[in-house]
């Protein structure tokens, strides 16, 4: 685990929807899917991003504010600085995976799906968003041979409602070995409850406000108030972002 | 090359004459014959000593003052602290070696003879001292199968006169490939001249007052005034103590 | 089988199960985190420094690991002393059953304000209050002036002492002074019960490809391995000037490092950056190594190594 | 093929072929050693500091490499200024044909004595005289008091300036002060033509098996890798306070380190401990790496990186 920044050059950048870009860098990163990097743009700032592709390093960036905007403005040949890989990622167990993504949560799940598919594991994916435009990377999951289901709050694609609804349906229909998810806290809390009910092993990647990214400043604490299953003083940047919950042995 | 002190335990200590001890320590040292260590006795001081034996580390100590006296007072099981190996040692070339030692100069030559004999190289040794008692380690050289000649200034053993006399005789009689020597500066200067005359490749281990032992403080400079063949600003602790002079190629 | 060496220490009035104290600012920002570190075996835990009002701290990047240590400019992020009191009270409830003393830490912009913060933080009844007069990340109004000068350091000490209601205090000193021993003497004369030494050393890391300092705040505080010999020297100097216990802090990563600090004159040993180098359970590892060191060298109690290298 | 970047710099009145300057005290104890370092490509070389009279220095051990740097307490070993003049004159004859400026270095126990040593050393007509007010290895009479305090630092500067006969001077500052920028300003106002920053940081390494400090002098001066961020921060701070050239010194081991120092505001770069880490030819290696760095990043001249990170 590296605590130093290293310069990386942009080798490709493409818009995958009006507010979302896929950025590819020179060189690989030796990481687990689910680990993240801190990205530094000198004079602009530093933010955490999930590793969406390992060989070569690729990131998925949704333009929601000043930093993500500056990232999308990068040109091929520009440098940015990466610290990482940081944290603990996903660890594949079993034969049948269910991946659940909300928003840019698709990013780490894509790296995970790629690794699982390379091991010939069956991977089903449920993506949720407000509307169709927010469903990210679905083509990429399909290309890997995953079965992909959608839920949109406005019904513009797939199930009209929350992604947790289709997750419930799938879990009842299919005997998954493991559920892996990344998305907003509300989604993860709901999934945690669903998995508890069904005693389904799960690995949830929690969001938190990150500052040091190195397990020292305490900023990224995910409190037991948010999920009582978490151990006391759980740090998303060091112990996580992925938390493993096992019900079966 | 280590710049840190490491504790070593004395495993054996034996007097080889009234003022000279052989001290053996736990563990080997990975070094060339001719390299040296800085020995630290807390609250007493720190001095350089030639590595006389590599596996395990052994030192030859002549009691001439407070530090060497304290060394000889060590008991089996006591600790001392060693920094090194430091400097550049001897490097064996050719089939026939002539080793010339004065005083504790026998120490690095013994490690060298052992290595050369293990390669089945013929090793002749000339030892010089004021009187018989100052001829150190001659038994050890004999045990290795070296031919050993002696010179004493008082004629108590071997040639009555300087060791340089017997060196001249041997060089004229035998076609050595290399002369290696360690001893007082006067001896080395004389040997350097003899070798120049005979165009005999040589490796001389120079003495100097050492302080840092790390090539920084400048204390161990061996000036070109002492041997014009030395390069400018030659440091015994870093560039040496062994200086290589090649006449043949 | 030999007995385990006794590693309990007395830090003034406090009894610690072992000399290892979580340093301020590292994982000490919430009751849960303080609880976690206590569970990992700390002798005592220090909360993040708090000031009169909320501070969000500096923008990112706030921390970088360079080859030989860490550099941080978190910028004294804290909720302000009113909320800190609640945090400390929650933490106390968690720590009491574990028998792990809680150390609060305070900073402020003037001696008077230090006194005000002290009187509020005293409501939480922490076991010790550390007085951070030495954070290098906040300029002018906070930090440096006090730790830099024997007189202002003493003035802060007196102000805190007056308002703290009998809770013992530890003034925390900075390494970037020419005469840390004299400053220690001055704050002890003014009533400091304990000295904590040292805070981070000011430093800057520039990324030459970016041609910019890595930290947003440009400079920051150096901690970790590179700081250790600086801290050991400060502790040894302070131990020659004053008789109060010292919490020796800076670059302790292993049990041997902790022993080094104690041989230099520390009664307790602060541990901060080690939680990055060795993970959140660093203190558990260091404690086991310290015991191994004592056992292997035939010490029956950690007190035997205290001041041994002075 | 691209042209080699121009790495010559102006250090006040002096022209250096490159910014790399041998730091005082490292291999600078004899004309032969200064000659050797000049042959290895140094832009300028600094002699070991000399004082009013001969000093043998501290007993051994005087130096140790710990995991992240060096620690030394040589103790200002020097032949005294009268013999130093001969040494410098011999060195000058060797350096002149190589076009490598010679920097003398002086220390003393009072401002007045600094003036006396300066007037004698001036006889050798060095190209620059460094005024070492900051050696941490000699207590009380020498060193610390001057570098620690803006007023005494200025007094020394004026005393030297009066007696040096027009030779430019560089006052060398210490890192263990809370306000190095202000001290720099004070010595520049008093006439210092150049600032050298920094000297070593006080430190102590204890061997826990021996339960003793490794150095005979107990504490010593920390140099090498661990010192770099401390030095870079000092240089950056000084560069904000004064306009004179700075010889940035501390932990420079590579060409990228040298670039970092210059981006922080150094005009020239001191190199000391690198001669242990990379051998006596360290400056040759660092010079080549600096040129590579400039070339790879499209800089035509080393001046383009000067102050770039400020």
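So that you can tell them apart, the chains are marked A, B, C and D in the order they are listed, and the count of residues begins at 1 in each.
The rule is simple: a contact is a pair of C-beta atoms (placed from the backbone, for glycine too) under 8 Å apart; a residue touches a chain by one contact, two chains touch by 3 or more.
Computed from a prediction, not measured in an experiment: that's the story for all the values here.
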Review point. Which chains are in contact with both subunit C and subunit D?
Key: none
Study note, to complete from the structure: Computed over C-alpha atoms, the centroid farthest from that of subunit B is that of chain A
Check your understanding: Just how far, in Å, is the C-alpha centre of subunit C from the one of subunit B?
Key -> 51
Exercise for review: Could you grab the centroid distance between subunit A and subunit B? Build each centroid from C-alpha atoms only and quote it in angstrom.
Suggested key: 66
Practice item. Starting from the mean Cα coordinates of subunit B and subunit D, work out the distance between those two points in Å. Key: 37
Practice item. Would you please write down the residue numbers of subunit B that are in contact with two or more other chains? Key: none
Practice item. Please list all residues of subunit C that touch 2 or more other chains. Key: 66-67, 209, 211-212
Practice item. Examine which chains touch each other and state the graph shape they make (line, ring, star, complete, other). Key: line
Check your understanding: For each chain, which other chains does it touch, given as pairs?
Key -> A-C, B-D, C-D
Review point. Which residues of subunit A touch subunit C in the complex?
Key: 2-5, 7, 38, 40, 42-43, 45-47, 79, 81, 83, 211-219, 221, 223-224, 231-235, 238-239
**Study point:** Touch list for subunit D against partner subunit B, complex
**Key:** 25-30, 32-37, 39, 48, 57, 59-67, 70, 72, 74, 77, 207, 209-212, 214, 216, 272-273, 275-276, 279-280
**Study point:** Sites on subunit D touched by subunit C in the complex
**Key:** 66-69, 71, 144-145, 147-149, 174-179, 201-206, 208-209, 211-213, 218-219, 222, 225-226, 229-230, 232-233, 236-237, 256, 259-260, 263-264, 293, 297, 305, 308-309
